[in-house]
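Every chain is named by a letter (A, B, C, D, E and F) in the order it is written, and numbering of its residues begins at 1.
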């Protein structure tokens, strides 16, 4: 249950971050409808955000390893 | 028991109010660029649209992530 | 006392949000005085912020009801 | 007792420092647009004005909300 | 004991994920200005540079503050 | 130990704030290297941030004293 709660918390953070960033990018001026092109943009943006998350993750972890090795 | 229920209700109210605070913060700078004597019809419409579209976005993301899990 | 503390916490949040948003809008370049026109702007801005809060609240609650009904 | 008092004092100090961190974060981007060898007189004045005006704003809002409650 | 270790590992994972969330939030608006069908090579490079330079900045600041303490 | 933890927490906050503000100012477009001029900018920016912190601190404390005296 701890695990699940942590997983939920993480997913919540991911949803919030995607939402904030993709809302700004895809719907800079909120109109009266959420049309097909908005939906397509949000869908693509979500994938790009997760791509970006992976690049950041890889870079960060590689750097931390390099720094730790430099300390030895 | 009474107290537990009271606290729970209050916490739900606080959560709802927090959500409304967050939406107002997000939508205010998108819709209000100068201070007028009254809230204009267009400003009001912009705020309502902003909340609706943000939630559309939110629901879509949640559904996609859930679909991806399966 | 719980109620009061929650009420105080909420008012604190409201004050902070009004302050941050109205400071940016009314005093974009802070000068050496806080004059009548600044004061009038802050006063109006505060009322508009609470109007906006009410619009957001109404919209959000209505939407949540609609979504809940759609789930039944 | 000694420890309780010590912790309280430290918490007050932490609160004060937090407030100063927040003000510096708010006022820095309004007053410092490039990095110079020294803090200029105009930058210093801008920072002081920013804190004072933010607090003016704050006090006015608090007073209005209190007046509205009655 | 088992549970304590499990919780600790989970907390470390959560901390790491939080750091990655923060970096993505900081670097995304600097590197992604429109939504494309794929992450471009330049966008990918920009994100990696952003993380590296932010950490360079971070390490320099920490070292300077530590040196100043002595 | 409480004192140390609080001191560490405060330093952490200071480091984060300096980092966020100086990163934006010194490295608006992150390139592939962290060169001498970036380093010099971060170093100066850090000093300026602490100068600014001191100005804010002095102004805030003086104002709070004035307000407290006005209440008497």
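One rule holds for everything that comes next: a residue touches a chain if its C-beta (ideal position, glycine included) is under 8 Å from a C-beta of that chain, and two chains touch if they have at least 3 such contacts.
Treat the numbers as computed from the prediction; the structure is a model and nothing was measured.
The most distant chain from chain B, with centres taken as the mean of CA atoms, is F. When the contact pairs of E-F are set against those of A-B, A-E or B-C, over half line up by residue number only for A-B. In terms of the distance between Cα centroids, chain D is separated most widely from A. Between chain C and chain E, the centres computed from C-alpha atoms are 32 Å apart.
For the pair chain C and chain D, the distance between C-alpha centroids works out to 20 Å.
Shared contact sites, meaning residues of chain E that touch two or more other chains, fall at 27, 52. Residue positions 14, 20, 22, 26 of chain C are each in touch with at least two other chains.
If you sketch which chains touch which, the chains form one closed loop in which each chain touches exactly two neighbours.
Touching chains close into a ring; read starting at chain B and passing to chain C, it gives B, C, D, F, E, A. Here chain F touches chain D in the complex through residues 2-3, 6, 9-10, 13-14, 17, 20-22, 24-26, 41, 44-45, 48-49, 51-53, 55-57, 59-61, 63, 67, going by the rule given at the top.
Contacts from chain D toward chain F in the complex involve residues 6-7, 10, 13-14, 16-21, 23-25, 27-29, 31-32, 34-39, 43-44, 47-48, 51-52, 55, 59.
Chain D makes touch with chain C in their complex at residues 26-27, 30, 45-46, 49-50, 52-54, 56-58, 60-62, 64-65.
Of all the residues in chain A, the ones that touch chain B in their complex are 11, 14-15, 18-20, 22-23, 26-32, 34, 38-39, 42-43, 46.
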